[in-house]
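Below is a structure I'd like to ask you about.
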Amino acid sequence: MFDFTDRDLKEPHDIRIIGAPFDGTVSFRPGARFGPAAIRDASDGVETYSPFLDIDLEGVHYSDIGDLELPMGDVGAVLSIIREAVEECLADDVTPFLLGGEHLVSLPAIEAVFEKYPDLVVVQLDAHADQRDDYLGVKLSHACVMRRVSELIGDGNVRQLGIRSGTQREYELMRGFGTLSTFRDDDLDELVEWIGERPVYLTVDLDVFDPACFPGTGTPEPGGIDWWTFQRFIKVMQGCDIVGLDAVELAPQLDSSGCSSVLAAKVVREMLLILKG
Amino acid sequence: MFDFTDRDLKEPHDIRIIGAPFDGTVSFRPGARFGPAAIRDASDGVETYSPFLDIDLEGVHYSDIGDLELPMGDVGAVLSIIREAVEECLADDVTPFLLGGEHLVSLPAIEAVFEKYPDLVVVQLDAHADQRDDYLGVKLSHACVMRRVSELIGDGNVRQLGIRSGTQREYELMRGFGTLSTFRDDDLDELVEWIGERPVYLTVDLDVFDPACFPGTGTPEPGGIDWWTFQRFIKVMQGCDIVGLDAVELAPQLDSSGCSSVLAAKVVREMLLILKG
Amino acid sequence: MFDFTDRDLKEPHDIRIIGAPFDGTVSFRPGARFGPAAIRDASDGVETYSPFLDIDLEGVHYSDIGDLELPMGDVGAVLSIIREAVEECLADDVTPFLLGGEHLVSLPAIEAVFEKYPDLVVVQLDAHADQRDDYLGVKLSHACVMRRVSELIGDGNVRQLGIRSGTQREYELMRGFGTLSTFRDDDLDELVEWIGERPVYLTVDLDVFDPACFPGTGTPEPGGIDWWTFQRFIKVMQGCDIVGLDAVELAPQLDSSGCSSVLAAKVVREMLLILKG
Amino acid sequence: MFDFTDRDLKEPHDIRIIGAPFDGTVSFRPGARFGPAAIRDASDGVETYSPFLDIDLEGVHYSDIGDLELPMGDVGAVLSIIREAVEECLADDVTPFLLGGEHLVSLPAIEAVFEKYPDLVVVQLDAHADQRDDYLGVKLSHACVMRRVSELIGDGNVRQLGIRSGTQREYELMRGFGTLSTFRDDDLDELVEWIGERPVYLTVDLDVFDPACFPGTGTPEPGGIDWWTFQRFIKVMQGCDIVGLDAVELAPQLDSSGCSSVLAAKVVREMLLILKG
Amino acid sequence: MFDFTDRDLKEPHDIRIIGAPFDGTVSFRPGARFGPAAIRDASDGVETYSPFLDIDLEGVHYSDIGDLELPMGDVGAVLSIIREAVEECLADDVTPFLLGGEHLVSLPAIEAVFEKYPDLVVVQLDAHADQRDDYLGVKLSHACVMRRVSELIGDGNVRQLGIRSGTQREYELMRGFGTLSTFRDDDLDELVEWIGERPVYLTVDLDVFDPACFPGTGTPEPGGIDWWTFQRFIKVMQGCDIVGLDAVELAPQLDSSGCSSVLAAKVVREMLLILKG
Amino acid sequence: MFDFTDRDLKEPHDIRIIGAPFDGTVSFRPGARFGPAAIRDASDGVETYSPFLDIDLEGVHYSDIGDLELPMGDVGAVLSIIREAVEECLADDVTPFLLGGEHLVSLPAIEAVFEKYPDLVVVQLDAHADQRDDYLGVKLSHACVMRRVSELIGDGNVRQLGIRSGTQREYELMRGFGTLSTFRDDDLDELVEWIGERPVYLTVDLDVFDPACFPGTGTPEPGGIDWWTFQRFIKVMQGCDIVGLDAVELAPQLDSSGCSSVLAAKVVREMLLILKG
């Protein structure tokens, strides 16, 4: 079993896990704030070895700094605190791995990573486009986060997989910019080719999974991927230069069986494993 | 997001949503009475645009009259009230769209529609045959509803997709009459050809979905369809002359994650969208 | 509907269902002790007829002796009581069908069956290898049960399907002994050929199913099988000489929708049906 | 622990437990159909000895015939089946003890008992008056059951304790007839005096308890009694000539902690104990 | 049963119910955003008549404008929208009755009411002092709302009942200003005398109730009041000049039995009833 | 808020919290293994200051060593590990504070404490006598723990408060030895007098609370105490020489509202506070 809390920040490490328990802009059902803690708890029942990748976490040097203390009700302060934690990480030459929290927490992380890597590309796994310009007048919202990211790094530098929900306007945008891709084998090959040598930030909104596999999320969307599709994706990404990553939108209390938390922990394990040189 | 309650009966409309919160003959686990309310609540978090169909609910003229007040304990009265509401709908030249409730609520709706359209055919999506002659001596039971329908419109005018549970006797009947069909592409094509120009009533017992996708139902049956299978079906039905339709057997309290209600709301959206001229 | 409790031990029978409500060595999340009762309850809503196999339970002669009274806290005594119940069964020339409980309950059953059938082979459906030598120093643990079985009947006489979680060491063992197999059609054919005329004990750890289908289990593992894969498996096994069987690791309280219990009851039905001469 | 299922109808007995799993007229939240099974399950964890009464169930001769098979959707048939079971009980000179189900199940039981004991008085513990003339036009409804009983045996022969919810009209009725009483010591003394030597039917709608103690019921009403108040009541009733009794309206699935079922089982135990000659 | 949605804004009314579904500054467990909807749903099962007060809602003229649309993530905008709705209410000479949401929603309501009634006093029922100066640097937080109110209207114009949790510093403040009171009869009499003829805003944080009665709240505190204590309080307040009121902090999804929502609906009914001239 | 995990073993401390997550002998409903973690989580939302005692945890020197790793399935090894941890504690002149886990974990703790303090008395708060000689033949069971303790330290050196469930035999024993006491003020005074200067081990089985307050436990018993009764008890114990203590039998997953965990955390806080010199 792998247990984050065994790992100490003081040991030398290549990857740093940062809990960002914020869900303050969620419009539908909150609870993603409990995501990082649930992933840590569930990790206790997950093996360190991945039979599919045939790699073990033994030998992956990661640490976990626990959850940031985020002041609910002050979005600006929350984003600053996250950004600082990621900047510190990068200053230490360590890869940041954020655990959300809602999807908005990716924004300050990508900002910090983009500052260090100006040729950054972002790969987004998600059920939702998150490409609205604003949501009820709020621009810093989980429903707008990829619009903000696209504005920052350029629409041409984003790829989106698994999207199956959005407004007509969002789909026009995404189709116009050609950001949409799929999990078909040839599309995955094309994705990796498109990434090439460029540094990549991988943001996994866990609602990319089908609600059957992952009911524990605020805005479930029927029609998502299953575990083996994710495994194929992860294997393909293995060679890429991943410089930052996150897994967001687990709202564990919505799935009383606990299976969503277990899946999230196993997703995190696979993401850690492909970072291993 | 689409929100039924925004829609007012007084505006001109082509489709009328009618809540039929009855589950009085359910033998196993009740709760379908809460279905219509749960679909309305969940619809609030579902986009109006379907990327698969590439249509938006903007432009679909529907209204929602809310839930009928149904006297639990008096099945006869319940069925009369539903039938009257559907008749009124048809008198107004509006397509009735019933939200159940248990499957028995389809019977008075089909009776009313059949009176107006004597060449009616019925397409049933369901996990269960519902072809028993009686259940513990009761003839007006959710377990017998399609037997009653078949007696009314003729066994030759019914097609059943997704059935995977029944008695040996029910299977003999269904195999004898040739009412069983599947979601394979060629069977779907054959279905549409069989329907032809005839008016069709589409009854969707939501337990046609696999319990993995839709655990919130009284009598779950492993082995059901997933979202994309339903999408293929809905696309194929797009050209048909649908004159009445329903979605039944959501028992939302059985799925504490709320995912079943979200799926049901999305099913309702797709069903509304293919009615658009 | 099939209802175990209708069946009386005194009637002549070929199969005897034995509840073994023990979960005392479970390390992660307990609750499998409630499995047998939940399967019995759910069986009440499941038809006796299997459309896929086209067989009805009418004509299958089974009885149910209910749950053994097992003293929590004394593993040795628990295993003895189970073993005696299975031995008695075999002495009566009746096939034992154990309902767990955790997977450790299979050990005394296999010991008893092996004593009667020294050329026994074991077919294990499972998400987990269960091949650890010990777990926190405990040798009689659910995590070690198949290691104990392998030591007893020989590693060459075990086949494992559906395994997707284990330590690196366990995978080395399993790959070395060649015990791993899959649900692909050709592998299933090969499996049946390998069994040949030999008596077989079939142990189904229900967590072989994907958590989407079967969230009600202590240690869910994403990436499991669905209902139709199990149906193909069961059909292939139909001709084999099954001399003992079990279904274990349903923890019903972890799935508040009840769907896991329904699936388990349907699995038990299919397993009973293929025993019919 | 006391376990109903140990008791066999064939043994001589003075009290007969009859499960009446019907909830077909419930308007708000169904689920009382699962009450009898939940009481039986919970009884397994309850001691046979009552420290307060200082009596043990050893020596009380009761049997349990299990649940009647009741056809949901046909209220008339349901009431007939219950009435017959109670009549059979009385013909055998055995005291009937009904486990509901909704409160309407008391009506046929009281009818049968009243036929045998024309000077019957009824003591009702309840949160709700249940004195409506009809509910949405339905006269045989859980909301009207005590009106029907009052019409049958005479308003002067009913006493109601714990009532805290009703319409203005119902309160006018009850105040007019003087049927309302309380759990204060002097009122309890007065109650027993009023009963005198007359045969009494005791109907306990378990929602008389505060929702804090008993959340598992369809229509909870804040302001109810606690366990010790019930104990005082039961002690006072010990000398009365109880000729029929019931405990109704446990809807166990509404209380996921299971505490409501445990309380109901303990209530049933105390009610059994005071029947001991 | 009383059903808010029957009431139309256009009818003349004396009281206006305003849903304020905001929980954006909640630090522990969110979900109060679902409070207003849950109270409306539960009100459907609650009688219009209060036996204790002997008054019926017939004759109370209230309307319900439903929920305000509040942009999660922008606290400033949220508070403005609430304040405007309350101001509009007061401009129409109608008493505002806010349904929260978290306790912070009381602040803009009290601000608006205070502007109209400069001699306003505030009576707070609550488990928590809510008197922190800031919480993690945030001044507009549910944990600080009564500090803000006290600064606005003067510490001497606030009375707090039911408080049982706070920091040592908060208790020093409250003891210093003498704002703490109890539900003892003489203290209630003293409270009413203290209020005198002054206009009073009554804010009921529902967590003043014991978690036994009201588990559905974000920060439960053992040791709270029960229903009858609240009834005594409400009766005493009957003669006061209540010019604004609210009921906040129901988080219905935390109480799967639904009893917390029923209690909240019954609290709202009693609060409406004492407003009746 | 008080957060155990802030406290480090290396700092000097007077009290040491030890998690003992064992529930292996529980016969009815397991889950107490999750108790210590749930208390830690809930402590995060509980203030450090007790208004009733008027003391703050600032100034109490305690540390938390987290959970012992206990091998499920080997009761002997489990008890040894707990005993060693407590012995180490005592060797460091630190007061052990065990968090269960089931009640059996108190046995090794009391054994260790008794070895150091031969004139030890034990005060037990509990719903159940726990005085059986064996349970299904098992002597080291949660149902027998106080029998074992009584045998060890002498029946005359035990006092039991809150007991309301047991066999007739257990009550005979307890009445014979005079170990039963109550929470009445005079009995509490008598208790403290009886303790006198002797060292006391305080074991709090949290099911002493009424299930209304504390539904999250394996074997709930109606009729228990509330928060204020516990507060009176704790205040009375303030002057005693407490040399060891525990709080056991929280099974948090049985109370989905989380209120039981909050109450347990608040109980632990009060117990820590009275240890303050």
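Order of writing sets the chain letters: A, B, C, D, E and F. Residues in each chain are counted from 1.
The criterion applied here is as follows: a contact is a pair of C-beta atoms (placed from the backbone, for glycine too) under 8 Å apart; a residue touches a chain by one contact, two chains touch by 3 or more.
These numbers were taken from a predicted model, which means no experiment stands behind them.
Peer 1: Give the pair among B-D, A-B or C-F whose set of contact pairs overlaps with that of A-C by over half, matching residues by number.
Peer 2: The pair repeating the interface of A-C is A-B.
Peer 1: Are the two sides of the subunit E and subunit F contact the same residues or different ones, given that same means over half of the numbers occur on both copies?
Peer 2: different
Peer 1: Suppose each chain is reduced to the average of its Cα coordinates; what separation in Å results between subunit A and subunit F?
Peer 2: 43
Peer 1: Suppose each chain is reduced to the average of its Cα coordinates; what separation in Å results between subunit A and subunit E?
Peer 2: Measuring from centre to centre gives 39 Å for this pair.
Peer 1: If you average the Cα atoms of subunit B and of subunit F to get two centres, how far apart are those centres in Å?
Peer 2: Whole-Å distance between the two chain centres: 56.
Peer 1: Which positions in subunit C are in touch with at least two other chains?
Peer 2: 210, 212, 255-256 - these are the residues of subunit C that touch more than one other chain.
Peer 1: Residue numbers of subunit C touching subunit A in their complex, please.
Peer 2: Going through subunit C, the ones touching subunit A are 28-29, 163-168, 171, 210-212, 215-216, 219-223, 254-256.
Peer 1: Give every residue of subunit F touching subunit E within the complex, in rising order.
Peer 2: Residue list for subunit F touching subunit E: 44-45, 47-49, 51-52, 56, 210, 212-213, 226-228, 231, 255-259, 262-263, 266.
Peer 1: What does subunit D use to touch subunit B in their complex?
Peer 2: Residue list for subunit D touching subunit B: 23-27, 30-31, 33, 69, 71-75, 77, 104, 135-138, 140-141.
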